[in-house]
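Please see the structure below; I have some questions.
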Amino acid sequence: MRWVNRQVRRTDRLLLGSLPILLLVVIYLVMAVSRHAANPADKILPLPGTMAESMYALIFEPDKLSGQLVFWADTFASLQRLGIGLGISTLMAIMVGLVIGVLPPVRATLGPLVTGIAVIPPIALLPILFIALGLGETAKVALIVVGIAPVMIRDIAAHVVELPREQIIKAQTLGASSWQVMIRVALPQAMPRLIHAMRLALGPAWVFLISAEAIASDVGLGYRIFLVRRYLSMDVILPYVAWIAILAIIIDMTLAYLSRRLFPWAHEASH
Amino acid sequence: MRWVNRQVRRTDRLLLGSLPILLLVVIYLVMAVSRHAANPADKILPLPGTMAESMYALIFEPDKLSGQLVFWADTFASLQRLGIGLGISTLMAIMVGLVIGVLPPVRATLGPLVTGIAVIPPIALLPILFIALGLGETAKVALIVVGIAPVMIRDIAAHVVELPREQIIKAQTLGASSWQVMIRVALPQAMPRLIHAMRLALGPAWVFLISAEAIASDVGLGYRIFLVRRYLSMDVILPYVAWIAILAIIIDMTLAYLSRRLFPWAHEASH
Amino acid sequence: MSALLNLRDVWVEYGDRIIIENLNLDIDAGSFVSVVGPSGAGKSTFLRLILGQEAPTHGKILLDGTPLIPECGPDRGVVFQRYSVFPHLSVLRNTIFGMECAQAPISGRLFGSARRAAEAEAIEMLTAVGLGDSLHLYPAQMSGGMQQRLAIAQALVKRPRILLLDEPFGALDPGIRADMHALITRLWRDYTLTIIMVTHDIGEAFSLGTRVLALDKRRHDPHAPHRFGATAVYDLPLEKKISRAALEQVSITIDELGNN
Amino acid sequence: MSALLNLRDVWVEYGDRIIIENLNLDIDAGSFVSVVGPSGAGKSTFLRLILGQEAPTHGKILLDGTPLIPECGPDRGVVFQRYSVFPHLSVLRNTIFGMECAQAPISGRLFGSARRAAEAEAIEMLTAVGLGDSLHLYPAQMSGGMQQRLAIAQALVKRPRILLLDEPFGALDPGIRADMHALITRLWRDYTLTIIMVTHDIGEAFSLGTRVLALDKRRHDPHAPHRFGATAVYDLPLEKKISRAALEQVSITIDELGNN
Amino acid sequence: SKPSSDAPEPRQEFSIGWSIYAGWMPWPYAQQAGIVKKWADKYGIKINIVQVNDYVESVNQYTAGKLDGVTVANMDALTIPAAGGKDTSAIIVGDYSNGNDGVLLKGTNDLKAIKGKQVNLVELSVSHYLLARALNSVGMALTDVKTINTSDADIVGAFASPDVKAAVTWNPQLSSMKAQPGANLVFSSADIPGEILDLLVVDTDTLKANPKLGKALAGIWYETVALMQRQDTKGKEARAAMAKLAGADPAEFDGQLSTTHLYFDPNAAVAATSDPALITTMKRVRDFSYSKGLFGGARSADAVGMSFPGGKTLGDPQHVTLRFDESFMKLAADGKL
């Protein structure tokens, strides 16, 4: 059977998917063990035991000063920032992207601006952001939004522009106004793409979150990573990064599931 | 006439597009002047005159030590890194994305890994990256690649998966093997999307370039921005950021033009 | 009787390809115009012109004596050659879409009794086109002919002044096609619609239409085939109930007529 | 004579919708099977089964006596109901695609004389379907009927053993349709192809086919319409050159036959 | 990296990392002015002076073995490479911060007003240590303030934000921030002279196998600082070049130098390194670091051993990983290079 046609069963899929990840883990272990043979105090590739110890303290032992469980406090703070940032960006993407995609005059007016903002690296303009928004939560969320919303807006707008012209025409012959074309034709069809855009934006969103937390913060996954980077505590950094990956994959899978549940028409194999 | 149908002429488009950007410039000027009225030594929102002066020196006066024109040396170094990083990512996106999109077994095997890498914020792995790859150009290019390639791969793979099933079937009935389906059906149709993905990746690519240059570098636009940031020299930072935006917009427009020229079939309005 | 639509010296060109050439035409209100012609002649293009989806390269089109703005509206309904239903709406929701737009300008959605009324009307129309059993399917779950019928129902339920049909019954079996003929004839008569229908079935063209229009190139230059566009090479007003025998004869001679 | 294709107790279900029910059929090599039936009956689904695009829910399909793997190959060509040409290739390149795949396994492209030979063959076929003037257009620049003809040319140029056609002539005008009938009959005879064609034109079904198959539901339950699938309600082998009069009669009684 | 037991082979080429800081600018200048090449040639080796824009990354790179030596502050030398088991020798004690690090408050010049405030600083760095010492000096402890980790690259911009009322940082950021309206320097490293040391450290094994490296580096260093100390045009030119490399103008750079106590004279550096006060300082730094958890899972502050001139040690003598080695400075002082 040709490879294009080889469908993989669910269980096999799980198995195959975990293979390369397992491989990476094994490679890591081999390298870590050999480094530790050379220098038992090596900090760069810590052994699983060391990581487990360090993480145990962060997960289960309350911090002496604040009384919080550090790991969970970090997770909660970061997820909250990420959620708000991703939420605002998604809202902006669907609203601005829709309008830009559907209405040519708006596209002409805002298109270049959005492109401009999309390509400006926000981290270069941090001082201005600080002055405008301070150093608190607002600034962190804003950095995420400035970082990912323009890309999402452009993606949604491009998708809406590519809707078959016939559909827009058809809607108008059925009496739809610009507004109705927008909310009844473009919006629902942009929704699956919006979820796709969210999934793609998730990676960059974490990047901006971590950058924001590295800049000024006192709690958060990114804060902890950058703090312990000061003494190269990879035994904390690596589990934190793995945890971020797990969180991100859970969010990603949830979004994929939601898209299939909410928009079955977009995932049906069409004959 | 309904807004959905209002097409904007080319000249009007230029005009409309520059409006919001002009507006931003005016707002900036007003704020800068008012800050300078309060504190003539204000560094955060410098006046155009100050920026012009600082930039003049960087653009036209050769550095005494190295004999280079700093601004151009920075531009060249950054563009080179960006070009290599974007090039490698694009190659990876089309190769890996295509294979993942076309062949279900490969999708099952590599899909989760790519998702995993896509969602891991590379910024958190900076120490590992720099330790593994040293402080040279490799690490900087690698940060860009790790940052943008997974997102591009996922985008291309998703696009290829969504190709109408009929086309894949049709190609097979015409005798195409998996390989031929890949290079003759999926690849050409993924090309316009690849360019779209490159355009969307441009913003993040600059972010990663600047992050990399901030950490280990001695030339480059990002290096300069981070160097003078210690002194809050917004009179250099702002023109540099504007320059980055201009470069990015030129690249963006070139890519859009190329896509229209090379793949006219993808841009024809279909009836 | 003043014409509803006037086309004056209309040309359509794509790049250097001339598609429609010097087309002059008046279409009366309440007429049922069948458009025939070879594949690729420009029949769909002609419909797009009247729909307002495209503007002519030269010439002008008048609707009720005023120039037609290149914009489509609820006065002109359409069934495209390619299925033009909304993939994200079920059969029933596709059909009530037009009524929702008219009655709910802001939300674009109907609720409660207004919705039930719209649905009742839609179900009636869907039953007439034979989709009464498939109310909750999405287009991707339907066969080609079912999608075509859905598109017809969607357009008919709005009862537009002018209805443009592009091979609407092409993918239907003879039984359903006969039902559809009856349906469209009834609606055309009851609501005095003006219908312009492209078809490849000459029998259908003559049995339904009050006028048959053939679009074709007047000249063929084998070395520059694209430099000549199509126009109305043949325009036959029909008194209803022409004997069927006469029709057969006309359909056989059509090609010669087309090249004169 | 042993059959080329055997269908044994084949069922197709989508979720709880039964589409095809208990279908048993033998198709001989070299036959030309016309498939008719109401819209939505499952004709396209039937073709997809034979193509290998879909596997039956129950039952089995044998090709040359061995079970059919659910995979399509160059032995079975297809023209889909919806235009299935490659949007990124011009007319000519769409047509030589099949030859390129066969002759250039690695690059998938032909150059030099091999390419010229392939192009000559393609141009011949394209001229036969009336697209000789449109070699360099992209599908988006063509009318519906032109795309359909391109899909036919693309499939025919490969001369597959089994050719599956889903309403291939639906969007064509009578003149071109007659040309296509002649073309397909000639190729079928010259290369002893086996053809299975879905059509809504009963005349076409009888004049081209050596066997006419009607797919329809045997039972209709108004309360659970989706719980009954279609099967071959009527299967008529034709001796070629049946008098046209007889055909007319059959086509009129078809509905009664279908419900017995 | 090779096991530390079998001594590495002598090598020809070495990389020394540096990052931008007033007391370390002699290194890149020496590179540009050919002083590095001169001394390297003399000992028949090659030395690359590598700039790393991000200070922590330069130390991490050194710890990972990608660099043979690096410029680093005493506290970070202890908490990053030494605590990571990398045997490290501090062969040049270049300067101590004499006002280069400072605590800034907005709107008041009373350090006591810091109580209960949020303080922006690079946590776990010398700034953190300085803050602890500052609070100590007015009878408070770190628990009396709330620290917000702020990256050194962004702290200047952050300080301009009205949100921020207190910050601890080092030069050149310190001078930029001090110039902002309303900012007051309420405590600085000038109040704890000799406690924040800027070092050049190299990998002990590499140094053992290649003593030439230590000699060349000492030679480079003292020639360069002698040059920059001069008040004639040559000295001015050298300082201007360093200013440019640091992204500053000469006046700013001179300002930063004035708060840096450079040991121009190798004798003074040797004296400072051999002074028992250094042991007291390092004990303080060590205890602070341990209390902040910077020694990883270590059970006591003694886990990391340090050695000082004259065979004195601090902490676990079996696990000495930070060695203050005055021998190369002494060679320079004696003119034996």
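Structure notes:
Note that the chains are named A, B, C, D and E in the order they appear, and that numbering of residues resets to 1 at the start of each chain.
As a convention for this text, a residue touches a chain if its C-beta (ideal position, glycine included) is under 8 Å from a C-beta of that chain, and two chains touch if they have at least 3 such contacts.
Because the structure is a prediction, the values reported are computed rather than measured.
The minimal number of chain-to-chain contact steps leading from chain C to chain D is 1. Shared contact partners of chain A and chain E comprise B. Of all chain pairs, the one linked by the most C-beta contacts is A-B.
For the pair chain B and chain E, the distance between C-alpha centroids works out to 37 Å.
Chain A and chain D, compared by their mean Cα positions, are separated by 47 Å.
Residues of chain C in contact with at least two other chains: 44, 71, 82, 141, 143. Shared interface positions of chain B, i.e. residues touching 2 or more other chains, are given as 2, 5, 44, 126-127, 131, 164-166, 172, 177, 229, 232, 269-271. Of all residues in chain E, those that touch two or more other chains are 60, 64, 154, 156-157, 160. Touching pairs of chains, sorted by label, consist of A-B, A-C, A-D, A-E, B-C, B-D, B-E, C-D. Residues 35, 37-44, 50, 53-54, 65, 126-127, 130-131, 134-136, 214-218, 223, 226-227, 229-233, 235 of chain A are the ones that touch chain E when the two sit in their complex.
Every residue of chain D that touches chain C in the complex is listed here, in rising order: 14, 36-41, 43-44, 81-82, 130, 133-134, 141-146, 148-149, 167, 170-177, 200, 202, 225-226, 251, 255. Taken in their complex, chain C has these residues touching chain A: 51, 53, 71-74, 76-78, 80, 82, 84-89, 97-98, 100-102, 105-109, 138-141, 143, 154-155, 158, 160. Looking at the complex, you find that chain C touches chain B at residues 44, 48, 69-71. Only residues 1-2, 5, 271 of chain A touch chain D when the two sit together in their complex.
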